[in-house]
Amino acid sequence: MARTSRFVRRRSVKEGMSPGTLVHIGEASGDDVKITCIVYGPAEVRKEALDLAHLDAVELKSPGVTWINVDGLHRTEVVQRLGKKLSLHPLVLEDVVNAGQRPKLEDYGDYTFVVLRMLDYEATSGQITDEQVSLVLGPNWVITFQERPGDVFDSVRERIEADKGRIRRMEADYLAYCLVDAAVDRYFSLLEVIGDRLEEISDAIMGNPDQGVLRGLHELRQELMVLRRAAWPLRNVLHRMQQGQAHLITEGTSVFVRDAYDHTVQIIDTAETLREMTTDLRDIYLSSLSNRMSETMKVLTVIATIFIPLTFIAGVYGMNFAFMPELSWRYGYVAILGLMAAVAGGMLLYFRRRKWL
Amino acid sequence: MARTSRFVRRRSVKEGMSPGTLVHIGEASGDDVKITCIVYGPAEVRKEALDLAHLDAVELKSPGVTWINVDGLHRTEVVQRLGKKLSLHPLVLEDVVNAGQRPKLEDYGDYTFVVLRMLDYEATSGQITDEQVSLVLGPNWVITFQERPGDVFDSVRERIEADKGRIRRMEADYLAYCLVDAAVDRYFSLLEVIGDRLEEISDAIMGNPDQGVLRGLHELRQELMVLRRAAWPLRNVLHRMQQGQAHLITEGTSVFVRDAYDHTVQIIDTAETLREMTTDLRDIYLSSLSNRMSETMKVLTVIATIFIPLTFIAGVYGMNFAFMPELSWRYGYVAILGLMAAVAGGMLLYFRRRKWL
Amino acid sequence: MARTSRFVRRRSVKEGMSPGTLVHIGEASGDDVKITCIVYGPAEVRKEALDLAHLDAVELKSPGVTWINVDGLHRTEVVQRLGKKLSLHPLVLEDVVNAGQRPKLEDYGDYTFVVLRMLDYEATSGQITDEQVSLVLGPNWVITFQERPGDVFDSVRERIEADKGRIRRMEADYLAYCLVDAAVDRYFSLLEVIGDRLEEISDAIMGNPDQGVLRGLHELRQELMVLRRAAWPLRNVLHRMQQGQAHLITEGTSVFVRDAYDHTVQIIDTAETLREMTTDLRDIYLSSLSNRMSETMKVLTVIATIFIPLTFIAGVYGMNFAFMPELSWRYGYVAILGLMAAVAGGMLLYFRRRKWL
Amino acid sequence: MARTSRFVRRRSVKEGMSPGTLVHIGEASGDDVKITCIVYGPAEVRKEALDLAHLDAVELKSPGVTWINVDGLHRTEVVQRLGKKLSLHPLVLEDVVNAGQRPKLEDYGDYTFVVLRMLDYEATSGQITDEQVSLVLGPNWVITFQERPGDVFDSVRERIEADKGRIRRMEADYLAYCLVDAAVDRYFSLLEVIGDRLEEISDAIMGNPDQGVLRGLHELRQELMVLRRAAWPLRNVLHRMQQGQAHLITEGTSVFVRDAYDHTVQIIDTAETLREMTTDLRDIYLSSLSNRMSETMKVLTVIATIFIPLTFIAGVYGMNFAFMPELSWRYGYVAILGLMAAVAGGMLLYFRRRKWL
Amino acid sequence: MARTSRFVRRRSVKEGMSPGTLVHIGEASGDDVKITCIVYGPAEVRKEALDLAHLDAVELKSPGVTWINVDGLHRTEVVQRLGKKLSLHPLVLEDVVNAGQRPKLEDYGDYTFVVLRMLDYEATSGQITDEQVSLVLGPNWVITFQERPGDVFDSVRERIEADKGRIRRMEADYLAYCLVDAAVDRYFSLLEVIGDRLEEISDAIMGNPDQGVLRGLHELRQELMVLRRAAWPLRNVLHRMQQGQAHLITEGTSVFVRDAYDHTVQIIDTAETLREMTTDLRDIYLSSLSNRMSETMKVLTVIATIFIPLTFIAGVYGMNFAFMPELSWRYGYVAILGLMAAVAGGMLLYFRRRKWL
């Protein structure tokens, strides 16, 4: 249930290593590393798959924007080579392959390094998957690194190819914004999924809840925790982006970044609200549970309480004393039965008046 | 019960779209879009309904203030046209139709964009409805966008037409303030509604509460959550307005904005207090519930406990041993009945002394 | 019990009104409006009651300090006239009569407007009453508005008349400080009252608590809430006063304001401590309750448990089988009674050893 | 138990008095007021007891540091005289005798006024006593006021007399630091006492806890509250001291003040940790209590549940029907006893398999 | 269980001592003090063990970096000598030997003093050990003090000797960073250990939990408390290091410090998440416990409730009335048995329909 592995990355293998050593920490996807390069400008767009051998041949020509996307981090030499070509700081490369970073923004003057968490809902396990996406923004290029091939950037790619919106007429910083925005948009979908599941659980609690309810709420809380851990620092990243702390972000793009910032705040806000609702629902479930239990016990106890005095009366007349005048009365039996009925009826009335039944 | 849809907007349809694409997110009211235009100055006021065709003909003449109000957002071309006419940023238009924004203020130099949440109490469902109102303040004009035709701005309209107060002698920024203030004033009414319902529940808890109490408190907490989500960011908006971050707000109006700010703080304050009261009431209800349950069980158990030894005594003299001297005693039966009465009386006394009865 | 009306003011009547409209919101005391005016300087003091007609004739002569006190706000024309005479902003007048403001300080250049909450303990209802006091400080005058005639300013009046302390030799800002300080001093008395009642409840919990304990704690928490709502913003007011944000406060008086600020912090501090104690006491009460309940149930259950096997044995020898050898034994009966005693004794021993009794 | 008097000072006697009026609020120790004066420099040290009459004769010669210590505040004329001699502000004198201040630092230019809380553990009552110590630091003198004669400054006195450490070669600000530091050091001892008692309670909870545990935890929480109320504002005082807001503190002493600041942070930190531990321990105790209770009830209920069907069987064969064939069977009795044993055994097995026993 | 000694250091022995007095507070390891000195530069590295006698002979030659490491603090004269040689402030030396400091950074101009907590997992006790490591960074030297010989710096030593990474080509500030980073890396391993144990407990809760679960969670919470107390102030230390408040840290190293800062934030973040999980798990455990208990009690009560009316019926026909017609009926016995079966069956059906079974 509570998989701490979602929050604790196994990076102990790195202990004692020199800073800047590239060791991939994260799950190695079975697929090979895939590198694609898109070069575009207002007039034209060119897309090609790269292999390791031709990596050095890529030219980052101006004018035009070059976007290199790397799917798969387990072959660290790819990262190494790209880092060397673009003179990236060793710590940037280390953070790229060490896929358990918190979202952050680091401005290195010539380029800006951004780490994001890409969240996705896996329908089979019913859990949110959490993957690191790193993004380096240079003067006229953007490089993105993903752990696994994903489809979240497809919409951006499509917009570039089909020349939708303003993207082809903007600079590299707008591309970077679009990529971050695509990730943020995905968070909204996750909130919808979580919201739907919360509503299901809420309905179950109103209806006929079983013990799975508690576990379900606990799981939702963990999903929200994953979301929060991704969104809170992202909010900070976007705030700093917009405040001009990433000096490659131009003013024209800054307005859009503010928009993404607003969205992130909205996501955090909603996640907190959902979280509070899980707490409220848990309390309602627990108290309804204890309520129903109490009701059951009360009815059962009332039944027992009514019969115990009756049994006692029967016991009295089952005694074998030689001299018990009632026993020989003609209507003794009927009288006793009547007495018993009267006692039972009286108790029922009393219990009902005191609202115990 | 717990309707997460109140907090999670279904905006997944927007995923992958280019920023600035206008897609209406929110409930489409059945009514058609209604556009009204009021032009006023100290001396005169002119009000007319506009249709889409004549939208471009509207002149924003100075001196005088022009207020255009749009009811209904599902026909995005209206927003598009107005946006084009006034050169509004595409993101502003997107936020106008994407009706799940948090309250915010964005200053674009030539105009200031403000998003509000308009809350209203719907007596039939007993819930607070939550609608987005967008407001753009230009040098001598104000445009407002509402999801549904509402009556909250009627009082402002009336003040303009009847020339009540100072509104006709003030600039557009004062109109903007009046509109925001009308929304804030509505929040107070909601607090009264919530306060009344809380008091009802409180009375129920003192009297004869049923399980609905818990659900009622939970619903109130959700209403307060809706209110809080509207008021907290609004407080921020008003703070920034007053601090001169919206440079179209003149100093004369700033004093009034401070007043609205104070009201918002008061609303938040009261909402938090009511929230704490729901928590306290829930605790009192739960403990009174468990208390009453315990009392019931105790009385029932005491009854059973008194009769069980008596039944035992009766059982003893119901045994069929050949040699049981008491059975043949003349007053055996009476003696045993006396013994039973003594045991029962002794136990009652003991229980009473230990405060179990 | 939980009177939300103490926190939610019925100001919905104001909805849709023009800002600056004077509508008295608050309880109208039956008494008439009473206006008193004190003019004093180092050498002389003059005190007179004013009526509405002579209001305009009042001169605010310098040197000397003029203090006008208005008891009762339901006749808004008084406020209106005073406001006109002293050229107060319409929003100030609105806040004066709208008696549900949070404490605040607003500096209007020529004068400073301060709102306070005057708390008082009403012995009959056992509740804290909460009244608004507004204070306007001008260059050489102070005007105070009270909802009801109260005695909290009497000590200041007496000090002026009897020339105690430095008050006659100081300016109007010192008078304003003295009035605020008198209100703060009253808070300490309230803390004592609350502290005493908390101690009573604490003693009851140690002794023989009934269900009233919970309600008592809940009421104390509400009183502390009222106090907190008055003191927190007041702390802010005093902080701003001392920091020179009210420019009519001279440096000589500023030292005294700091002292009042310290007192307010102390009040808040103590109120929070008392609040935490109510939480602790509630927990102790609830757990002691459940503890005692458990003890009762345990003893009762032990009694039942001991007699049930005995009753079974008696039941066995009450069976009517033709062939039951024990029945015809000479000492069968005695033996069985012995067996029963042994079983009961054994169980008692066992229960005692396991600490169930 | 919950002595609110530890948190609520009875200062209502002061209500309505002029600010600066000297009224001693606090417990009057029976002892007389004791004034001692130590004058020291690198070369010499002179110590004498002063009486009220010679107070004015004291010279504050430079070079050399003069430390006047006053034990007992109930004779306010002592404070008055010293205040006059050194031209202290009336509010300083008021705070000195009004012994319920929060720790604070006030810089009056010529001198700095510091209020501390001196805590001590009273072994007899098992409670922390809480006394106010005021300290005024002048250019070459320090005056300290204590409510009761205490021994916490003895170590500093001894260091001066025996010329240990650097104190004789430093200025008056270092002496002030030493006195504050002595108070801080005492807090550590209190933490040890509280820690030891917490550990005792923890051991009791693991062993055989009684109801005193809860009360003990509650008392510890109150002691920690006292400590926190003393340490939090003290942290602020030391922070401001170190930041140069007390301009009599030289840079050489500032390093030492930082050290005392660190200690205070450590004390607060530890107190918070201990506080959290009390919460955890309470939860563990309560759940262990309810656990043990449940176990008891379960066993008792199982016993009853086993015998009830058996008693029913016996009851069946105790019926007096004329025609009950089993009754006349030769081995009917034995068979029924066997049946009973079988039923009991079966139930035991079943209960054990379901882990109810 | 709850060992407060982990949080409360016994430093009362220091009370009343002069500031700067060296008294070792902490556990004295049995081993002797061990001093090692490593001098290195890009070209060469020299390592030697020092004894007290030769301490003064050490030269801190430039160029080259000298790293002196002291294992064991109980012989304070070693610290004293080193302090004198390098003109360290007495308070620095006091903090070095007083091994209960919070992590902190103090910049003394010529050198920077850093205190760290070195945490380690002790497999035998299953607890985290918590040791103080002090570090003084000078222009071209670093001195480290450890309470016990540890292996956490071995990896740095190895990197120097084997010339791995950039360490030999960097200045002393990089060495200081590497040492801090080694400590931070160790925290990640601890999080893994704690995460694993949390997962074990989580599995136990899903399976067949015993009471140890609660204690286990409590222990984990304490380990997380230890971690938090070490990591929170460390975050502050690294923040100030990176912000240039330690002016010996060059810009080249500052990038690396930012990396360590990010790691610390990540550690704190994860620790908080794990902490929240312990709370959630505890709630789930407690409610599952109470759930299971309730289920048991319900079943038992149902059994009793079914047999009690049956026993009553049997009791009725065990009465000895002379005139009870049913007794002499031919099929009376069978009819009654049938009645009993019907009653039992009816109750079972009813209970099942109401979901009580």
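Letters A, B, C, D and E mark the chains in the order given here, with residues in each chain numbered from 1 onward.
Basically, a contact is a pair of C-beta atoms (placed from the backbone, for glycine too) under 8 Å apart; a residue touches a chain by one contact, two chains touch by 3 or more.
The model shown is predicted, which means the values in this text are computed figures rather than measured ones.
> In the touch network of chains, how many steps separate chain A from chain D on the shortest route?
Between chain A and chain D, the shortest chain-hopping route counts 2.
> Which is it for copies chain B and chain C: same residues on both faces, with over half shared, or different residues?
Different, since under half the interface numbering is common to both chains.
> Would you mind reporting the rotation angle for the C-alpha fit of chain C onto chain D, rounded to the nearest 5 degrees?
An angle of 70 degrees brings one copy onto the other.
> Using mean C-alpha positions as chain centres, tell me how far chain B is from chain E in Å, no decimals.
42
> At what distance in angstrom does the C-alpha mean of chain E lie from that of chain D?
26
> Hey, what residues on chain E touch two or more of the other chains?
290, 297, 301, 304, 308, 311, 315, 318-320, 324
> Treating touching as the only link between chains, describe the layout with one word: line, ring, star, complete or other.
ring
> Quick one: what's the order of chains around the ring if we set off from chain A and go to chain E first?
Cycle of chains, anchored at chain A and oriented toward chain E: A, E, D, C, B.
> Residue numbers of chain A touching chain E in their complex, please.
For this pair, the touching residues of chain A are 1-5, 7-12, 14-21, 89, 91, 94-95, 100-102, 104, 106, 208, 211, 214-215, 218, 221-222, 225, 229, 282, 286, 289-290, 293, 296-297, 300-301, 303-304, 307-308, 310-311, 314-315, 317-320, 324, 326-333, 336-337, 340.
> Mind pulling up the chain C residues that touch chain D in the complex?
154-155, 158-159, 164-167, 178, 181-182, 185-186, 188-189, 191-192, 194-196, 198-199, 202, 205-206, 255-256, 258-259, 262, 265-266, 269-270, 273-274, 276-277, 280-281, 283-284, 287-288, 290-291, 294, 297-298, 301-302, 304-305, 308-309, 311-312, 315-316, 318-324, 354, 356
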